[in-house]
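In the two complexes below, chain A is the common chain; its partner is chain B in one and chain C in the other.
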Partner chain A sequence: MSNSTLKKVLGYVILIALLVAVPLVINNLPGRAYLFHLLCIALIFSILGMGYNLTMGFTGLSNLAHISMFSAGAYVSTILVQRFDVNYWLSFLAGALSAVVLGAFIGVPSLRLRGTYFSIITIAFAQVVYIVERNWFSVTGGTDGLLEIPNISLFGIDFLNKMNYAYLFIVMAVLTFLLVKALVQSRVGRAFIAIRDGADLALTTGINTTMYKIISFLTGSFIAGYAGALYAPLMRFIDPEDFTLGVMLNVLSALVIGGARTFWGPIIGALFIIALPEVLIPLRAYLFLIQGILMVLIIIYFPGGIMGGVYKLMGWWKRRRSAGGANK
Partner chain B sequence: MDLLPQFIMNGIIQGSNYALLAMGLSMTYSIMRMVNFAHAQLYMISAYLCYSVMKYWISNYLVAIVLATIAGAILGWLIERIVLRRAQRQNLFVISLGLVIVAQEVAFIIWEGFAINFSTPLTGLVSFGPVTLTQQKALVIVVAIVVELAVLMFFRLSRFGKAMVATSANEDAAQLMGINAHTMSSAAFTIGTLLAALAGSLVGPLFSLTPGMGTPLSITALIVIIFGGIGSIGGAIIGAYTIGILQSVYAGLASPEWSTLVGFVILIIMLSFRPRGLFGRE
Partner chain C sequence: MSENGNYLLECRGVTKRFGGLVAVNNVDFYIKKGEIFGMIGPNGSGKSTLFNTISRVYSADGGQVFFNREDITHVPPYAITVKGLGRTYQGSKVFPSLSVLENVIVGRHCRTRSFLQDAIFRTPRLRREEKEGREKALRILELVGLADRKDTRVADLPYGLRSIAGIAIALATEPKLLMTDEPAAGLNPKETLTVMDLLRKMRAEMGITIFLIEHNMRAIMNTAERIMVLNYGSKICEGTPREVSADEQVCTAYLGRGYRIQG
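Presenting the complex of A and B:
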């Protein structure tokens, strides 16, 4: 086994050990319910961000309706569980699929437009979804939202302990990470990146840009959908204010800060926006302000975000070492 | 049906507001190729400024309007100089989304999140055939018409306005004719925010002030310029009144909860069938 594969395997072992250990450590800390809640929220936002990164980062589609697919997953799965007594895991699937259907409804007409026009029409669709959720009282509960969402259970284990949620969400986040990575590194993903870097050029090389844009959009919608279906039972309560344009901007800024176009960016971004207010308690009132300013600064001066910076540093370090070796 | 004239009048008031915002948005797009989603944030900030000036400093409403408008324009000028000029053009839209967060949070920190009722001395009633409106609303309508005419004249008649039109048509050719493109984008952005700030201090008192009041207006102003044709000032004005009246009549006759949908439905239809809008150039 060569040195670099050994290093890689070692890295994965450490990562898996870390993912198993973190909830166990939290379980022995004071205030663990709150810490688990934060961890779960950060994981949900990571999953949501990874789906968003697929369309926004890798395919270059500035979609601002991602939050609508998240809300579809949350509402559909909850309504199936509460009104129709469907098993949670079935309604989880139904929630994810309903997000794909909504994504097709929004994406297929919108993707005919380019650039900022595309962003604007997705804002319009997202507002339509939000207004429907607010006003369709008999189904969505209107501004009251849906209350007392039941806890979930799996193989007879119920999720009263938040640690189970943490493990479930870690598994889902890992699966999402692998899905996004496999997709982006496949032929399909290369088409995504070609579209982002120049849609006209991609078209002339024989890439069916419309089809790949739709694939990217729908995969992102699917991920947002199951993130929503996970979000509802964790919160035990959802209402339209969880799915506003403001939340969408929050997801966007997390991705930009963490680093769009990198696999780890959405995770780092989500951890950053969830952890920062806990660390900087005196600055909590200014948190969104800091987030907005950071987002603007990063786009202008540092488009790679945190992960882009990390990769740059790593590349610099490697070059320095290999240059040093050559001099010997 | 006897309420219909009143609904139309309310629509004209909304339309005046949309027109003041959409003209600036259209200018910013024509010159800088920037869709400024933070446009109505200056509307929100200057509505608050106008309120604060009247409450804590000078209680004369007209002076407060002038001060808030000038402050808004200076703020816009600074944003263009400090932030936007350093950015690449294709990133301007996402940057404006960041500016939305910044502006809302600044307002939230300074004025807090509670809705503020901002009343002006212009509470007398004006009757006008079958419709009655407050002096404040009449002022909004009159000022909007005056400003619309002034902006149209500015682009048709003044040398500076013509230079801006030339820059929007072909930036490189305009620069070869000795027009400074930086000055033009600075001017376009500053005039745009000045109009938004004027709208804020005039229309703000009609509603209660909240930090989130700008975002829906930004969206509607975007819908208006897409409807009227991006880059066309005349189209923006006509689009503003059309959408304002349609929304208000729908809210009055059918359902107020769903009336915000009117604009989105218009936008989705327009972008699907005629993306360049009513008066837009291809």
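Presenting the complex of A and C:
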């Protein structure tokens, strides 16, 4: 018993050390600015993916408008900072809340439908949001986007150095991870999983399925919203092309490849999907082809994604060891 | 209001249509507190549809349903569960990706309160409910005989035990009336006996009234005290197992001529 607790504590210590060390290591590598940028993007997509995992993975709502809530967070926080001179951290909160409002606007009517019908209507809503962003010049800057987004500053530290962004995003990713884990392992999270596993049974087991679907959708939107508010100052420039259906499909593939319904899946998936084009630079023309083939292979052979495969392997290893012990 | 305070469930003229098909046609019946009430009928006679209409998975197209003398015809399904009407499904629906213990804890949902803020801040309420929920779920698993499989994923359970897991989920909602739809379907004779014994035990030890659909005649005739027979959505007979099996119409529609109660 205490042995396993010790192992757990040791695991956390190693993890924290790793999280602190990685940016320091990158800081001493050549081409560090680009590496930091990649790491930060991967962390933002991890956060976005963790929110998506809550609705898509744990609750089984195949939502394809998640990217719209991400865009709402990015646009609203940026507009507040640029036009109304609002403090970044206030606008960060406002961005997250605006995503919840947009989530309610999209989710409440869409969630009356199930399965594929739900997916299709969310695509439609996402396209509406995209078209509004492209055409509402006076507010979103249209296709020109919003330029010269100021850097974040926190406690007098400015974020000119990308390493500071990396640390900030690591902290945000850890907080998101803990939030999702706490939710999923509670009464609320079990209601999410029950809805995914059998909506009718969940309903007659006393779960207000409509309410919990909305809660799941809005929590996912909230996370997407603050991910967007973090994205804008990192990029220093946003336009509607950052929030297309194509990007949405990348978020979806990251979750499927990493492993939906696992806590680590969205993180592994985001790292994978961001690293893949860099690794494949010589084959860049075939990127989407390779990514597509990879997805098909993973869906066929590892339906639980990378993390699903890892857990399966760990279970197999444990059983083998305990069986070996019993034989002796 | 029902005239008889002893009625736990009463249906008056309950009707359910699917387009032109009348799946349940003007059905009247009542179930007394503490009874084991059975329902039989040929495939497609509307038994499961009647279950779904009572538990509000479907909305009734006519008639009224009273539970504990309260009209529940338009109460949402999750609220009906809170009032004490639990059910299982045909083909033993469970939450397949969760463990046996977690399945039963999900059943405790409507008897617990903790919410988002409790989950995020791990409040005392959450910790108390999690601890109580585990203990109560374990007690239910002991009662139904699944305690040694508590950490197995339900999807990995043998079929016979999955049916019992389905009953355990319903038990966790603390029902006054348990409606169970073919709990012995696909089970071998020994497993069938275990399930029927379990239903009797639930009534004896927990005072739960049972409403049972079953195709295994030997099992239902020996378990239910009163039986209702549906055919083409209409009630054609009601009475003790002996009365029902002697009824001319029931024999023609369902049991077959020359049927005798065995056992």
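What we mean here is this: the second predicted complex is superposed on the first by the 325 of 328 C-alpha atoms of A that agree within 3 Å, B and C clash if a C-alpha of one lies under 4 Å from a C-alpha of the other, contacts with A are read in each partner's own complex, and residues count from 1 in each chain.
To be clear about the criterion, a contact is a pair of C-beta atoms (placed from the backbone, for glycine too) under 8 Å apart; a residue touches a chain by one contact, two chains touch by 3 or more.
Note that this is a predicted model, so its numbers are computed, not measured.
Annotation: superposed three-chain arrangement on chain A; chain B versus chain C shows no clash, the two fitting side by side. By the touch criterion defined above, A:Glu278 reaches neither chain B nor chain C. In the superposition on chain A, A:Asp144 contacts neither chain B nor chain C. By the document's definition of touching, of the two partners only chain B reaches A:Tyr286; chain C does not. In the superposition on chain A, contact of A:Thr204 is made with chain C only, not with chain B.
Once chain A of one complex is fitted onto chain A of the other, the partner contacts of A:Leu179 are limited to chain C, with no touch recorded for chain B.
Contact with chain C, but none with chain B, is seen for A:Arg187 once the two complexes are overlaid on the shared chain. By the touch criterion defined above, A:Ile131 lies against chain B but remains apart from chain C after alignment on the C-alpha atoms of chain A. Taking the Cα centre of chain A as vertex, the centres of chain B and chain C in the superposed model span 80°, given to the nearest 10. Minimum Cα separation between chain B and chain C in the superposed model: 8 Å. Only residues 55, 57, 76-78, 80-82, 86-87, 89, 93-98, 102, 105-107, 109-112, 114-116, 118-120, 122, 126, 129-130, 169-170, 173 of chain C touch chain A when the two sit together in their complex. By the touch criterion given at the top, residues 35, 83, 86-87, 90-91, 93-95, 97-102, 104-106, 108-109, 212, 215, 219, 222-223, 226, 257-258, 260-261, 263-265, 267-268, 271-272, 275 of chain B touch chain A in their complex.
By the touch criterion stated above, chain A contacts chain B in their complex at residues 62, 109, 112-113, 115-117, 119-121, 123-125, 127-128, 131, 134-135, 245-246, 249, 252-253, 256, 285-286, 288-289, 291-293, 295-296, 299-301, 303.
The touching residues of chain A, counted against chain C in their complex, run 179, 182-183, 185-191, 193-194, 196-198, 200-209, 215, 219, 261.
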